[in-house]
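Handing you a structure now.
Labels run A, B, C, D, E and F following the written order; every chain starts at residue 1.
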Amino acid sequence: MNFPFTAIVDQEEMKLGLILNVIDPSIGGLLIMGEKGTGKSTTVRALAELLPEIEVVKGCRFNCSIKGPFCVECEERLNRGDTLEIEFKKMEVVELPLGVTEDRVLGTLDLEYALTMGKRKFEPGLLARANQNFLYIDEVNLLEDHIVDLLLDSAAMGMNRVEREGLSFYHPARFILVGSMNPEEGELRPQFLDRFGLCVEIKAIVDKEKRKEVLKRRIQFDLDKEGFLKAWYDEQERLKERILTAKRLWHEIEVSDEILEKIVSLTAELSLDGHRGDIVLLKASKAYASFEGDKELKTSHIKKILAMALRHRLKRLPFEDPKEEVKKLYEITQLL
Amino acid sequence: MNFPFTAIVDQEEMKLGLILNVIDPSIGGLLIMGEKGTGKSTTVRALAELLPEIEVVKGCRFNCSIKGPFCVECEERLNRGDTLEIEFKKMEVVELPLGVTEDRVLGTLDLEYALTMGKRKFEPGLLARANQNFLYIDEVNLLEDHIVDLLLDSAAMGMNRVEREGLSFYHPARFILVGSMNPEEGELRPQFLDRFGLCVEIKAIVDKEKRKEVLKRRIQFDLDKEGFLKAWYDEQERLKERILTAKRLWHEIEVSDEILEKIVSLTAELSLDGHRGDIVLLKASKAYASFEGDKELKTSHIKKILAMALRHRLKRLPFEDPKEEVKKLYEITQLL
Amino acid sequence: MNFPFTAIVDQEEMKLGLILNVIDPSIGGLLIMGEKGTGKSTTVRALAELLPEIEVVKGCRFNCSIKGPFCVECEERLNRGDTLEIEFKKMEVVELPLGVTEDRVLGTLDLEYALTMGKRKFEPGLLARANQNFLYIDEVNLLEDHIVDLLLDSAAMGMNRVEREGLSFYHPARFILVGSMNPEEGELRPQFLDRFGLCVEIKAIVDKEKRKEVLKRRIQFDLDKEGFLKAWYDEQERLKERILTAKRLWHEIEVSDEILEKIVSLTAELSLDGHRGDIVLLKASKAYASFEGDKELKTSHIKKILAMALRHRLKRLPFEDPKEEVKKLYEITQLL
Amino acid sequence: MNFPFTAIVDQEEMKLGLILNVIDPSIGGLLIMGEKGTGKSTTVRALAELLPEIEVVKGCRFNCSIKGPFCVECEERLNRGDTLEIEFKKMEVVELPLGVTEDRVLGTLDLEYALTMGKRKFEPGLLARANQNFLYIDEVNLLEDHIVDLLLDSAAMGMNRVEREGLSFYHPARFILVGSMNPEEGELRPQFLDRFGLCVEIKAIVDKEKRKEVLKRRIQFDLDKEGFLKAWYDEQERLKERILTAKRLWHEIEVSDEILEKIVSLTAELSLDGHRGDIVLLKASKAYASFEGDKELKTSHIKKILAMALRHRLKRLPFEDPKEEVKKLYEITQLL
Amino acid sequence: MNFPFTAIVDQEEMKLGLILNVIDPSIGGLLIMGEKGTGKSTTVRALAELLPEIEVVKGCRFNCSIKGPFCVECEERLNRGDTLEIEFKKMEVVELPLGVTEDRVLGTLDLEYALTMGKRKFEPGLLARANQNFLYIDEVNLLEDHIVDLLLDSAAMGMNRVEREGLSFYHPARFILVGSMNPEEGELRPQFLDRFGLCVEIKAIVDKEKRKEVLKRRIQFDLDKEGFLKAWYDEQERLKERILTAKRLWHEIEVSDEILEKIVSLTAELSLDGHRGDIVLLKASKAYASFEGDKELKTSHIKKILAMALRHRLKRLPFEDPKEEVKKLYEITQLL
Amino acid sequence: MNFPFTAIVDQEEMKLGLILNVIDPSIGGLLIMGEKGTGKSTTVRALAELLPEIEVVKGCRFNCSIKGPFCVECEERLNRGDTLEIEFKKMEVVELPLGVTEDRVLGTLDLEYALTMGKRKFEPGLLARANQNFLYIDEVNLLEDHIVDLLLDSAAMGMNRVEREGLSFYHPARFILVGSMNPEEGELRPQFLDRFGLCVEIKAIVDKEKRKEVLKRRIQFDLDKEGFLKAWYDEQERLKERILTAKRLWHEIEVSDEILEKIVSLTAELSLDGHRGDIVLLKASKAYASFEGDKELKTSHIKKILAMALRHRLKRLPFEDPKEEVKKLYEITQLL
């Protein structure tokens, strides 16, 4: 029994960043920067708990969605003329441990099967488990580069292709990538930073009343978990409904030419590398508009999202003087 | 035959830190900082010897408690309709050697079984042995980071989940984590420091009379172990009873709103990262209150526990000038 | 469904560099230097999608061309008097992951076959898959030296010879090598630089209208992929035809003695090491002439190609001050 | 045929340090610091040769003493009701080579047995061979830390517990640990230094007459080994008798309260870490008293032992200026 | 179809260095120092193509010459009374890749044979393939020291002896070792430099007419390989004949005492280490005399060879200031 | 066919150092310091070629001498009552390659035998091959420390004891250890230096007449090996006889007390560490006396040997200023 998402005190930006990725998973994940002990992992787990179950092909070892795309095995079943049945599964937060090996991430040859049956079979890795789920990496800046690489590639393609040990296999790997890092413990290469869709910064709460509230809710939860969950039930259901509605409405949001003009002006002003910043800002703003229940993308939506979409793409200054960065983003917002 | 816990001269803070973790294991372990040769490991073993036997599911390879949660194997037995019987085992101090591998910590595939029976079976690691016991790490600051990581994760979740080599297994791993370190031999990353519940500092005894007492008791013990144990029997039994009583009473301690206010004010004053400091201070103070036989949490309890709960969470100054640290904590105590 | 090649906004030099290599694969590949997020990998994939299918020997595990040269297995079939049948395959972009091992690049012993059949069999590696295709390496400057070595050797010989673990095998490995790198993240040894046929530098687009165009096309594509592809169908077909025509005409281009004189004067002026610069400049200019539909190699063709053929071969100054480099190349062009 | 212990010229402190450990093995071993070529290893071997054979359980692979404690296998035999017979074995000096692995030290799974019999069996390591013998480590300061750790832990507990590869095994490991080191080639961590019971410093002999004596005895021994041994037979027997007598009398030595007072004052004056110094000084002095044939522990015994018990425990100055150290110890002795 | 050796423009010293080693393989190989892209590897391959086929024992896996010495397997056949038949093989350039392992160089146990037949068999390595052929190492200065070691040892002994994994095997390994290096990318240890028989320095051609000639021949070759080879056929045959004649005549060249005197005076003047310089200068000069069709070794031959025999043996100054080196060698030549 | 030992020009000290070790192998080997290309390895091989065959137990895999001590296998045969027959073998120079592993040096488990026969068998390593032979290490200063350690330990004990992988094996390993090093390429730890019995320094010959002689003999040998060997036959036989005679007479050499006095005075003057210098100087002088055919050890013998016995044991100055060293030794000689 996890602590309920809606009972988490404060940390609004982190919570919004997660929700937007749920509404439009093509936003490309969330990077959470901040001090230890701020409940990053707890928050992700709490959101997964709140969301409805995922629909997977019954018996599929790779969590294939019933709507496709499919893994090699599901495709074989379809080719044989089998009908794929549906199955529901609790959403999961797959955590990637530091020191994880390529094998465990990608999957590998099933040795037991090979030895006993004399045939090769693919053994799912963490990317298979993460399909349609969250993939959480604590201290992503401490992960080895080639593993980060693998994850970002799979995340970008939505597909995990494995070619090795004579195996040729692929399966969908559509997950919401959430990384956390403490910038004081080492940076992430700009190459990687850029590939996280959004980025939020969190700090411990300083307001005393809120801190007390944190402590109180914690005691209540520890003393009587079931009672606590019951008390928050309605709030949880309300948020779940709102997210599901936003997911349905999102592709109907209208984007005017002026809005595009504004986005391009913003990023030109900041002289960002490449075009990823433009695209993510557009997508996340649309997701936010739909979460707000609006039907048209407005400047106010962009203002809200600006910092989390561009903060980690500012040229070379992200950590050197964060205040300068904030100033820059603030000035930019004035242009809108 | 170990030296009796109650016959250990002085070192009251270390002994209290251990006892509080026994009363409320969710406090999250104890970090002992201090010079070599101060009997850290001996003290932990002595406490384990004093405590009553643990109750485990008969035949369970993971020391599952009869009250659950259960390991995969116990769950399978329950699902088959089997009744789980009870078995008593001497409490143990599982020591984690430097250079230990992930395999030995987490457990691994039982190769022999796989080769002869053609089926996979999970082979318990040190975390299985440590379930319901103490896990002791000498010189925790010299352990490799990814091992510390594993331990702290398991400790936090109370569960060891293993996903690899095609194995998917979990079992409870509820242990009292005790680490020791000599700060002169390298620090522990703040990330790790924060995750130990309590932290005590020990020094060798300088008082001559006490030193002589140490020596005398040692000679007596060496010359006639059985006689020595008999002489300390009553003292040992008294402490055991007191701990067991505290364990039973602990969840009845009342916590007033003023006390919460005081805790939050304290930690705000110290500008600690995150909320773990608040929570541990609250929990350990409650455990102390129950050890003292009180029914209500009072300021005096918090004063007693303050240093061991917050010492290692002070911002960036823990080792640079310990005197400053002490001063800070002292000033804070005046606020109570 | 990939984004269409012809719908990619701007980045003309990169697109031309790729096309020239398709026209004359002996040019020796393309190195793309530039910032992240400029769609390097997308562009290569888009070109592969546009090109016609490749013709391979049916059943050949090494993508042997029906016109030869052949792999050991195809040769054995020919020696047995078998007729090799033809098969068509979609062109592919084989991506080389960082941290790839020699085994996966070259191919290796098929262990399963060896264990069950008691005979050795060669298991194709990435070079086999890359035969008649593109081989793409992102961040080639971060790849280990000995892997770069392997690739460049195979690329130069058009053949992959493997002698190890008692295996003696060879198969054709004729691929278009495309590497990308961000010069800010480490250089490539001059030895390697020189062996890429062409080299282009790309930057993110700064022109606002073009950026907006990028964003617009992206939205259109995301909202209605099939409609978008249909809209660009004719443009795609036109480019495909033009490339195929150029491939046929290329070997008929006439090269006058004066043109040779000019090439040699240019490279002498730049005091390049070795003769590879001369040869590539000649070949790429011929490919460009045929792409332009000309029958004779003219000074204008050489002017167009000069920078991409020689930029990375300039003595020791390539990255130190790129402006100096540009100046040098510009002055040289005046000589033509 | 080894050179006889009693024929070794000079080096009295090293010889006494070894003998005291034989009389009371709980002293905790000897660290020999000194230049190369001073016969350290020869001296240890010579003492082992002189001592009587050890009594072991017949057929026990772990050199279990007939008086216990026992290894798992001996315990199983006792549980089956078997009688353990006695067997005599020559005392041995087990040498630990640099670069030794954990496996060889602790013992490991007997693979042959596992493969042929399908059952696990423990294969003894060097600690099993060392049981009831000497364990000698040349250049202990060059040994890897985790191996030193293993040795010191086993030495402290007198037991080797192995938990890995699915094996759970223990056997007694009571050995006299002798380490040698040349301080010029790197220091030993203070943590390790402290855990050697005694420490002596040796130097090559400078006195010409003694050097000549060394050379003469060497020639005599080389030319006629048997004659030489015969010549020293009586001297050897006398020493052996004296050691055996001391071993019997040692536990009867009386220790007055004044003596304890003196020990504690000494170590307080030197502000040593922990209590190990006090305890070792007491034990070694008792062993020396019994070697001298005395029945009471006197100040003169402590004076004799002081340097070898405390030299390596002095705070931070052991190697920096050895003369200062000697001075300190000398001044301290005046207090007695 | 390779580019013909005689059609290679310029680079006379490198070509002569290779030819001399073909005439007298005991000269000990050639080290080529120079910039990238100067056709080093192409030139070696072209020479191998021009030379006549080698005579090997039919079926021998180690390219044993029919004249001996023989490998273990050929010796066994001779001992059984078998007659060894002759077989002709195209000469080969075996290239040693960077990162090659000892196993692949020396050969190793044939695992397949061992597993299926239960007997050990030696599996030939690159040294077996190189027997009677060229062994080419690009960038020899980047090769690991112990591999360079293996090669130079085998080259010196003309024999590859393998003692490991229970195998005891030997076979002749008489190859012409050709190494190339770019001195700007790291030096070769003097120990290794000295063991290459000859050393040449090459530079790219600067003469424009020659550069044009390079380009022209390249185009001609690319457009019509067969025609090009036909055009150079006579030139190729002439060189082949001349080399074969030189090989026959070489051992009849007369060496006067005055010539020896001159050689020794030269090397004494240069104060070279050891005697290898003297011997190589003598041998290479003899080979050159025979290539020139002379019957007596003259001062002029020595003058021609001096630089390539001694350049890399000059004391400590080889790379520091090459001009000084040239000057030294020039002054020395005046002595002749 | 090797170059004959007696035909090697000059290098008298190195040749004598080798011969003395043949006469008394307990001297402990020879370290040759000097430049490359001075024929160190050739000289050792030439001496091995000259010496008579060794007598080994027929069929013994460890070259056991018929006079013992014996390996485990020979002992087992003797215990079974078998008679050991004699066999003659050519003396061998076993060369230790850089990068050699512990396995290959010590020997290891015979895996093939274990797998097929289900029993463990020891597979001999290089130390077994070296028994009764020369063990030559080129560039001993570049060898890994733990390998040098193994060699020196085996050399000192004359026995190779292996305890691992469940194997317990020993066999005699009595070899003459010859190491060479170029002091410019890194030093040897003093610990190791001291354990080589003798040490010589060699330089290339500067005398022109001698250099010419080297060259002449080399040509003669190359042109007609058999003729050359015949010409030197008598000289070779004479030296062989002289060495064999010396071996027989050596133990009869008389050593007066005055001579001992002189040795001890010398080494005291030089303040050497330990006693190894004294002992080696004595032994090598005795061997020299017997090589000279004398029956008594005289001052002149010691003078001759002084430098090679003590040069590498001088305190801390061996390489810093070799002239100082020579001076020191020279002054010392005056004392005799």
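The rule is simple: a contact is a pair of C-beta atoms (placed from the backbone, for glycine too) under 8 Å apart; a residue touches a chain by one contact, two chains touch by 3 or more.
Keep in mind that what you see is a predicted model, and the values were worked out from it rather than measured.
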item	value
Reaching subunit E from subunit A through chains that touch each other, fewest steps	2
Set of chains whose contacts include both subunit F and subunit E	none
Superposition rotation for subunit B onto subunit C, Cα-based, multiple of 5°	120
Distance from subunit B to subunit A - Cα centre to Cα centre, in angstrom	35
Averaged-CA centre spacing for the pair subunit E and subunit D, given as whole angstrom	61
Junction residues of subunit D - those touching two or more other chains	none
Category of the chain touch graph - line, ring, star, complete, other	ring
Ring walk, subunit C to subunit E and onward	C, E, F, D, B, A
Touching residues (chain side subunit F, partner subunit E) in the complex	35-39, 97-99, 104, 110-112, 116, 123, 126, 129, 139, 142, 182, 185, 204-206, 208, 211-212, 214-216, 218-219, 222-223
Residues of subunit F that touch subunit D when the two form their complex	26, 102, 114, 118-120, 145-146, 149-150, 153, 163-164, 166, 189-191, 194, 251, 255, 260-261, 263-265, 267-268, 271-276, 278-279, 282
